[in-house]
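In the two complexes that follow, subunit A is the common piece, with subunit B as its partner first and subunit C second.
This part shows the complex of A and B:
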């Protein structure tokens, strides 16, 4: 850890993960002495910048492994590269941005905040999401928004098979094609309020796309009450 | 024989119930035919299974030296999770309270569990649905469950917990997820789970962001990172392929392994699942111990066993077979007042009776335990419930000590398989102890 100056706004603390371990990095981020951190040579390490709960900014220069920014409650984490499984899983608030692609379960079970994947996200993107907003610049893989409870998932490219299977109250917007819809997920009308929220989400994510080109998907709510008819 | 009432009596006596189609079976078929929906209920497996009852202790005699009953010291404490965590749990007794969700249980019941457990120095466990202030407030040692649904999971509560329990499954339903029927989804429960009130709610059967043991190792690492390596991480499995599951849990980094046998209770599961999936506690325990021993971590990675623990004898037997502690669910609810005869009229009004009540899923519990109805829940006084639970936990401990002393053990953890024999061949084979009066352990070379 090298600090270019004291813990005052505008200074940056640098962690070289080729030298220091993730444990030291996270310990520092949980009791930060700086407002801005640069993480160098992450080399696919897991749990990078996980458990942040203050308003700090972290720039990770390179690819990260599983659960980067996991369970964060506040802060801004940018992965300048690709992210492994479960990036921003269970995030409560804050911003996580991946400039490359994300692997499986991006934003899984997250309650709040905004996750932006500028590239594409693999399977199970937004699985069991509980209030987070997720904006994906490219495509998402199969089984995305599985059991998604709340929040919004915006996909500028295509969605893989079984989108929104067993979805609850989350809203899904897809600009491209949808390979297939999962159990109880249906296409829904895009009303002006939806176009407005899309425009807001795209603007927040800094992604330039026309809200008019998206279709909306959500729950038919036919699985909300268990009966013998519920067999898919 | 002309007396018509006698004739009638003889006719009745000659009626013979089928062992295959007994009355509950006939009723189940009739119910299925009438409704078209399978039966969902609470409680655990009700069928007879090889269990701790099939084992006996060999009290001290000529070759063993007993300790003086209730006078000479017999320790009961246990340390859980000292492999990696900076703050392992140190409990006064080896009987813990198993995870039972707020949602399945009323807030009053959760509070009562916390009060009772804390009074005797043991832990409680949250459940599917998150941590309530009632339970955190009353529990000195609180284990926070990390379940596939992740309902109510958040980093603030994670940091408030004393240990984390990653749940892969339950003995009542290994391989099954969970459900909470709409009548139990009050506004508060719905809010904690981020779901609409009043809908039937499904708890996922698979974790959303990891699959398999290699991923689990990384997940455990993440949880340790988020909590700065302070808290023990438990892994709970429903007993099925126990030997392999325990090995994989240890390899993934578990500090404590919890094995829940098929008699283990549940709040709401299909009857067919409860009775036909998984293996008995007695069969699972030795498999788990063998796995730990082969890895050289028995007693280093602690083993908690649950599923049908009722008495101090059960506690002592589980520990003699190699468990470090046990967990109780159903018995704890009974101690709070579940199935109490004083509610018998109320149970009968909803089609059950004291001693039979298992409809934990439907939220009309007259004892105020498995309900979210404010009026019913108010019937359970958390202070009185806590006192009763503490009493019961004390009795379990005293009973286990009585047996340990008779076997000459100055600490419960000194009990060993050598202290046990089995009264049935099945139990001897499962528990891997000799059939009483012989030196025969089925499956072992003599």
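This part shows the complex of A and C:
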């Protein structure tokens, strides 16, 4: 760890993961002595910047592995590269931005905050999301928003097969094509309040896209109650 | 969970570095499969000299008879029908090379050493497999010293069959062919019975061997890797990320659910595939590579000599 200035607001602390390793980084981020961190040479390491629970900013310069910024609660983490499986999984609040692509299960089970993937996200994006907002600049893979319970998922590109299978109350907006909808997921009318929330989400994500070009998908609510016709 | 790494070198200037690059890649997937490791190297002329064939063998852990050869010199002597046999051992694996055809060498080895299991054969390919810690096994195989145009490695966390050298990947059941698998096939017993009925003989109880036998059967019938793997997707149920190599090919495929991870990176100089990006992070030129995840049930195949 090298500190370019003292541990006061406005300073940046640099971690070179080729030298210090992830445990030392995360220990520091859990009891931060600085407001801003630069993480160099992540080289696909797992759990980079996981478990942050204060309002600090972390810039990761390179590709990260599994569970980057997992459980984030108030931190502002930017991955300048690609992210592996489960980026921002179980995020509670804060902002996680991936400038490249994200692997599967991005934002899985996350309760709050905003996850921005400027590139594309692969399978199971937003699986079981519980209140997080996710904005993807590119495409999302198959089985995204599976059992999504709450929150908003915005996709500027295309969505893979079985979008929103067994979805609860999350709202999904897709600008491009949808390969297929999963069980109990249907297209819904885009009303003015939906355009307004889309505009807010796109602005918050810093993505320039016209809210008028999106379609909305959500739960048909046919799986909420047991249906005797489904019994054997 | 298992770990897969593979490297297909387009640039001949990199051929001397194949083993070093693969060893670095292997070191990043050790935690994914700490019980065994296997390696396949294509085009190392010190292991398979030009005009030679090579056969990789697993010998019984304990000699079955007092006359069972164990030392390289005894093995060479036992192969009296094979001209100029070069015998080397690396951990559990014994490699026999000789200036004869592949079928002739495999036949001679099976006749002379009936208790041995043939785990690889070809004119370009050397296979090593065994149980133990992958880092130690890489040293045992002298992976860092390997040269060539293509190679792969697998670290195993056994789920479907025992931790034995026979259960270790790669499965190489056709000439210059290899298959490594992360996942588990659900209907392998059914397909095994069908292949056995068609005359195929199996070496292990491993589910992945069924996949390798299926691919070898299709290649023998004239399919290319792309076609063989598309048929595999139709026939096999279960979880799989597969890396399959042949005498001139390198191919990746994942099942429809695609739970088992895979990352591909490509530059003008190489194609690489690994379970996780971190295994690719040290490759030369990775910062300019096209990096992507293979989509479910789509076959990605490359052929030697094809342009980028």
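FYI, the second predicted complex is superposed on the first by the 227 of 232 C-alpha atoms of A that agree within 3 Å, B and C clash if a C-alpha of one lies under 4 Å from a C-alpha of the other, contacts with A are read in each partner's own complex, and residues count from 1 in each chain.
Quick note on the criterion: contacts are C-beta pairs under 8 Å (C-beta built on N, C-alpha and C of every residue); 3 or more make two chains touch, one makes a residue touch a chain.
Given the structure is predicted, the values throughout are model-derived calculations rather than measurements.
S.K.: Have a look at where A:82 lands relative to subunit B and subunit C in the superposition and call it first, second, both or neither.
M.R.: Only subunit C; A:82 stays clear of subunit B.
S.K.: Would you sort A:97 into first (subunit B), second (subunit C), both or neither based on which partner it touches?
M.R.: Neither: A:97 stays clear of subunit B and subunit C.
S.K.: Looking at A:175 after the superposition, I want to know if it touches subunit B, subunit C, both of them or none. Which is it: first, second, both, neither?
M.R.: neither
S.K.: Quick one: classify A:63 as touching subunit B (first), subunit C (second), both or neither.
M.R.: Only subunit C is touched by A:63; subunit B is not.
S.K.: Answer with first, second, both or neither: which of subunit B and subunit C does A:22 touch in the superposed model?
M.R.: After superposition on chain A, A:22 lies in contact with subunit B alone.
S.K.: Quick one: is A:216 in contact with subunit B, with subunit C, with both, or with neither? Answer first, second, both or neither.
M.R.: Neither partner.
S.K.: Quick one: classify A:123 as touching subunit B (first), subunit C (second), both or neither.
M.R.: In the superposition, A:123 contacts subunit C only.
S.K.: Who contacts more of subunit A, subunit B or subunit C?
M.R.: Counting contacted residues of subunit A, the larger count belongs to B.
S.K.: Is A:50 contacted by the first partner subunit B, the second partner subunit C, both or neither?
M.R.: In the superposition, A:50 touches subunit B alone.
S.K.: So subunit A touches subunit B in one structure and subunit C in the other; where do those two contact lists coincide?
M.R.: Subunit A residues touching both partners: 46, 65-66, 85, 104.
S.K.: Which residues of subunit A touch subunit C once you look at their complex with the stated criterion?
M.R.: Of all residues in subunit A, those touching subunit C are 43-46, 63, 65-66, 82, 84-85, 101, 103-104, 122-123, 141-143.
S.K.: Mind listing the subunit A positions that touch subunit B in their complex?
M.R.: Listed in rising order, the residues of subunit A that touch subunit B are 22-23, 26-27, 30, 46-47, 50-51, 53, 65-67, 70-73, 85-86, 89-90, 92, 104-105, 108-109, 111, 124, 127-128, 130-131, 146-147, 149-150, 166, 168-169, 223-228.
S.K.: Please output the residues of subunit C touching subunit A within their complex, sorted ascending.
M.R.: For subunit C paired with subunit A, touching residues are 28, 257-258, 261, 263, 276-282, 291-293, 295-296.
S.K.: Touching residues of subunit B toward subunit A in the complex: what are they?
M.R.: Residues of subunit B touching subunit A: 35-37, 149-150, 153-156, 158, 179, 181-182, 193-196, 199-200, 202, 204, 208-210, 215, 218-219, 221-222, 225-229.
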